[in-house]
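Before anything else, here is the set of structures, which you'll find just below.
Across the two complexes that follow, chain A remains constant while its partner is chain B and subsequently chain C.
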Partner chain A sequence: MGINVDDVVVPGDVIQVPNENDKAKFILGPGLRRHADQILVTTSGVLRKKASNVYWVDCHRKRYVPVKGETVLGVVVNKSGDTFKVDIGSSEQASLSYLAFEGATKKNRPDIKIGDVVFAKLLEASRDMEPELVCVDSFGKRGKLGLLQEDGFIFTCSLNLIRKILNPKCTLLKLFGSEIPYDVAVGMNGKIWLKTKSIKESIGIGSAILAAEHLPNEEIIGMCNRVINNLKGM
Partner chain B sequence: MKQPILSNCEKLFIVRAIAEGKRLDGRQMDESRVLHIYFGTDWGCCQVSLGETKVLAQVSCEVQQPKPTRPNEGLLFVNVELSPMGAPHFEAGRQSELAVQLNRLLEKCIKDSRCVDLESLCIMAEEKVWAVRVDVNVLNHEGNLVDAASVAALTALSHFRCPDVTITGEETIIHDPSERDPIPLSLHHYPVCVSYAVFNSGESVAADPTVIEERVSDSQIVCAVNAYRELCGLHLGGNALTNYEIVMQCANRAAKRAAEVVQIMKSALEEDANARAAEKSVGFAKCIQQGKVSALSQKQLSLQLDTSRLRDEASDLVQKKKKHISAEEEVDEINSIKGKDVGELSVVRVGRGSAELLPKQELMKFKEAVTSVARVGDGGESQWVKMESENVSGVKADQEEDSDEVPSSSSDVEVIEEIRCKTKKTVDSIDLSGDSEEEQTVVLNAADMEFSSKKSEDKSTSGKNIRSWYPMKQW
Partner chain C sequence: MCKVPPSWVLHYQIQAYKKMHTINDIYKQPEQQIFIPRNNRTTPQHQQTRQREESNARLHNGYSTHRRRNALHTTTTTTTTMCFMKRSKEKAQREQDAEESQAMFSDVITEDMKRGVCKYIIEPSFVPCENLTDGRLSFHGMNPEIERIMQLEQEANRLKVDVKEKDVSDFEMADRYSTLVGTVNRRFSTKRDHRNLQECDSEQRTKKMKFLKPSCD
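== the complex of A and B ==
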C-alpha cells in the first residue's frame, strides 16, 4: 500500500514518488530524507506536495531548527569576548558578533545588555555548526533588524502559527493595524515581540494572535473585530 | 540544561501589568487557577492539576521498626521528585534547591502540623509500625508547585488505605485487601499550602502565581492553613519584605482559600468513593478525556483579557431588571414573584472552558446579540448540534443590549433561576471530620493585633469567629 499526498506519515515510512523518467528531479523539504534510492520520512505529520515535485511533511512544532536566511527573535544570554550568545529557541545558542550592527566598530560597541531582545537574521545555519546571527544586511544597513525596545512584550507560540500569520493571505496583523497602532516583530523561531500604547492592548492583541492558530481566515476577521470592540469599549 | 533566561521585556511588562492590577491570563489578583483532582485505580494515588501545573502523588506503606524515641508512633515520609518531564531544566536524580525547598515545605505542612494520626499506625509498640511514604512527582511545571503538591499529597493521604492487621499472641497477620477491607488513615485536619507572589516591594500581591510571575516577583509567601483557619506553616522566600501587614493579609486570604480547597478535596474524595461503591470505572482515564476537537492544543490561552468587567456589568443589569419588574408589578404580586422569578435571578459564573447548549430560537437571538467577545478562539466543548460559529458556544456578552435581553445575550455570565440557599460563612460550612489534636491551639484575639484592632473589635463580638486565629478583615 503506497503513501499518497495528504496522508499521515510516521518516521520510517518509505515514500514512492511517481517516476516516469529517471531524470525527474524532486525537492525534499523538512521531514524527508534520501537514503540510497529510497525516500524516508523522519518526522510524524502529514505529507504535503507543492507544484509537481516539492514534497515535505507538515507537523505541529514548537522547537525551532535554524534555517539560513530566516529572521528570528532572540534573547541575549551572555557576553563573551567579541560575541554575544543569543537564545533563539534552537538546540544550540546562536552567536552574534558585536560588529554585526549598523555603524559598529571595534571602538564603538553597540549598547546591549544581557536579557535584551534582538531581531536578527541567520547568516549561518548548518547541522554541525553554531548558528550565526547578524543585525545588518549585506550593505551594512540595519533595516528592520537590531535591538528591540524594552517596553514591549515577548511571547512564544508554535512555529505553525508564525507561518500562518506571516502568510500574505492572513489579514490578522493588518486588521489590528488599521484600528490600533502597534509595533510587532515576528521571528520564525516562534517568538513574537509586541509593543502597544497600553498593557491591555498588548494582552488583547497577543491573545488574538494565539487564538488565531485554529481558526480559518473568515473567522479570524470576526474574532479580530470582537477583540477590537472589546478593547475600545473598555 | 539551564533554565532559559528571562528577557528584560517580559520582566518589565509583567511588573507594569501587575502594578495596573492585570495578569496575563486574565485572572484577578486574588483569583486562583482551576483546581482539579483525579484519582487512580489504586488507593492513595491521585493527580492534581492547578491550571496547567500537574502533580501526581502516590502513597505507599511498609512495616518498620519505630524510632526508639517514639516507640508507639508510625513513620511518615514525604518525598518530592522533580524530573525533566515537569520542565526541561529540572535535572533527574539530583536534588535541586527547589526540590529540597518543596520537600521541606510539604514536611512542614503535613508532618509538622501532625495532621496524620501517627499513633494509629502503630502495630506493636517498639517493634512494628507502619511507615507511610508519600511520593510526589511533578508532571508539568507552570508555576505554584507548592500548592499543587500539598493538595496532591494530602488528597493522596486521605484516599490511602492501609492493610488490616490482626495480632494473635506473638504472630502478626497482615491481611490481603481481598481478605479484609483495608483501613483509611485517620487525619485530624487538612492543612494546605497557599502561595502568593509579592511585587513592587509589597505593593501588589498575586495569588497562585504562574511560572513567569514567580520568576519576576520580589518574594513569595507560602502559608499552610487548615480549614479551621489555623496557620500550620509559613514560608517567606526571595527578597525581604518591607511590609509586615502583607503577611497578615496573605494569611487571612490563605485561610479563605484553604477552606475552598478543602471543600474541593472532600467533594472529589466523596465522588470517588461513590464511584467505587457503584463499581463504576475509576482511574486517570477521566482526566485525559476532553470533548474537544483541538483537545491537544492549549486548553487555555496563555494570554487572556479579563472578563470580570463583563460579569460586573451583567450583575448590574440583573439588578436593574429586578427593579424594573418590581416597579411594574403590583404590590401583592411582587411578593409572589419575588419568591419565584425575580428574587431568584442571580448571576452565575460559567467556567472558562464551558459551553452552553442553546435552543435554536435562542441561538438566533444570540447571534444578533453577540458583538463583542473577551475570550477568543477557544471553541469550548464539541457538540453534535451544529452551530454557526464555534464562538457562539463560548460566547461573551454584548453589553450594549437592553436590560430585557440579559438572559440570552450574556454568555460569560448566565442568568438562571436557582434556589437560593441561605448563605453561610465559609468558616461554618466546613465539614469537620475530626477535632484538631494540636496540643496547643493558640487563638489570637483582636487585642493581639495592634494594627487591626479598630476593625476587629466589632467583629469579634459577633462570636462567629471564635475558632479563627485571626479576625476576619475586609480587604
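== the complex of A and C ==
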C-alpha cells in the first residue's frame, strides 16, 4: 500500500516518488531523508507536496532547530566581548556579532542592552557549531531586520502555527492590519513580537493568533472580524 | 636521503595511488577500489602510473618521489621537525586540514553533489517549501520604515507580473515612438527642408537670446 500526498505518515515510512524520467530532481523538505535510493520519513505528520517535485512533512513541533537563512526573533541574554548571546529557543544560544548591524564599526558600536529583542537572520546553523545571527543583508543594509522597540509584547507559540500565519493563503495578519494599527515580527522559531497602541488591542490580536492554530482559513476570517468588532466597540 | 624499510612498501603503494587520483577523482568513482596490487594493474591509467613510478625509482635510488613524500605520514616526528622537511610537513598539515573541513561540511556538501549524480535536493527549511513570507509587518503608520519596504516589495511583485506578460508595455512603446517621429522624419526629408528647419531653429534661437530690459528700475 503506497503513501499518497496528504496522508498521515510516521517515521520509517517509505515514500515512492514518480520515476518517469531520470533527469527530474526532487526536493526533499523537512521531515524527509534519503537513504540509498529510498526516501524515508523521519517525523510524524502529514505529507505535503508542491509543484510536482517538492515534498515535505507538515508536523506539529514546539522545539526550534535552527536552519540557515531563516529569520528568527531572539532575546539578548549576554554580552561577551565582541558578540552578544541571543536566546532563540534552540538547544544552544545563538551568537550575534556587534559588527552585524547596519552602520556598525569597531568604534561605532550598536546600542544594545541585555534584554533587548532582535529580529535577525540565521547566517550559520551547522550541526556542530553554535548558530550565528546577523541583522544585515549581504549588502550591509538593515532591511526588515534589526533591534525591535522596547514597548512590544512577546509571546511563544508552536512552529506549525507560525507556518500557518506566514502562509500567503492566510489573511489573518492582513485582516487585522486593515482595521487596527499594529507592528508585528514573526520569527520562524515560534516567537511573535507585537506592538499596538493599547493593551486591549495587544491582547485581542495575540489571543486571536493563538486561537488560529486549530481553525481552518475560512473560520479564521470570521474569528478575526469578531475580534475587530469587539475591539472597535470598546 | 632517508632509506625506508621494505616492510612499508605496501603502505607507500596505497599512498602513491591516493596521490595520483586526487580526492575529487576518488569521489567520482566511489565503486573503484582505492588499492590495487601492483601486479594486477591492467588499465592504461595504471600502466602509465607504473611506468612513471619505475622511472622515478631509477632516479631516486629505489624510492619514488611520491612515496618519499607520503612516507611523512608515518615517519617519526623527529624527521619532520628537521629544517629541510619543513615544506613537506606543511603540506601534510594542509591535507589533514582539508580532510577535517570536508568532514565538517559533510551535511552541506554531500558526496552525491560531488559526484554530480544527485537526484534529490535536501531542503532543511520550511520557508521555500511553503513560500512563507517574512513575518515583519506594520500597518497604519506604526513603523513607517517597515511600511515603506513593504510597499516597495509590493510594487516589485506587481512589476514582476507585468514583466512576465510583456517586456515593454504598449503605452511605453507608443511614448518611445512618438519621440522618434521627428528624427525619422528628418532622415527622409530633402536638403531644402533641412535648411528651412535650421532657419526656423536659428530664428527661435535669436528670439531666445534677445536681451530683456530689467523692469525693476
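Note that in this section the second predicted complex is superposed on the first by the 229 of 234 C-alpha atoms of A that agree within 3 Å, B and C clash if a C-alpha of one lies under 4 Å from a C-alpha of the other, contacts with A are read in each partner's own complex, and residues count from 1 in each chain.
Here is the rule we use: contacts are C-beta pairs under 8 Å (C-beta built on N, C-alpha and C of every residue); 3 or more make two chains touch, one makes a residue touch a chain.
Just so it is clear, the model here is predicted, and its values are computed rather than measured.
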{"item": "When chain B and chain C are modelled together on chain A, clash or fit", "value": "fit"}
{"item": "Contacts of A:Gly204 with chain B and chain C, given as first, second, both or neither", "value": "first"}
{"item": "First, second, both or neither for A:Lys68, with chain B first and chain C second", "value": "second"}
{"item": "In the superposition, chain B vs chain C on chain A residues touched", "value": "C"}
{"item": "Chain B versus chain C as contact partner of A:Phe119, first or second or both or neither", "value": "second"}
{"item": "Which of chain B and chain C A:Gly140 touches, first, second, both or neither", "value": "neither"}
{"item": "Partner chain in contact with A:Pro11 - chain B first, chain C second, else both or neither", "value": "neither"}
{"item": "Included angle at chain A between vectors to chain C and chain B, based on C-alpha centres and rounded to the nearest 10 degrees", "value": "160"}
{"item": "Touched partner set for A:Met188, first chain B, second chain C, both or neither", "value": "second"}
{"item": "Gap in Å between nearest CA atoms once chain C and chain B share a frame through chain A", "value": "17"}
{"item": "Interface residues of chain A shared between complexes with chain B and chain C", "value": "none"}
{"item": "Footprint of chain A on chain B - complex, ascending", "value": "4-13, 16-17, 20, 22, 24, 26, 294, 297-298, 301-305, 309, 371-374, 376-379, 389-391, 396, 399"}
{"item": "Residue ranges of chain A in contact with chain B within the complex", "value": "75, 77, 87, 113-117, 148, 150-155, 193, 199-200, 202-204, 206-208, 210-215, 219, 222-223, 226-227, 229-231, 233-234"}
{"item": "Touching residues on chain A, where the partner in the complex is chain C", "value": "22, 24-30, 33-34, 39, 48, 50, 54, 56, 67-71, 119, 126-128, 143-145, 162-163, 165-168, 173-174, 176-178, 180-188, 192, 195-197"}
{"item": "Interfacial residue positions of chain C with respect to chain A in the complex", "value": "104, 107-108, 118-127, 129-143, 146, 149"}
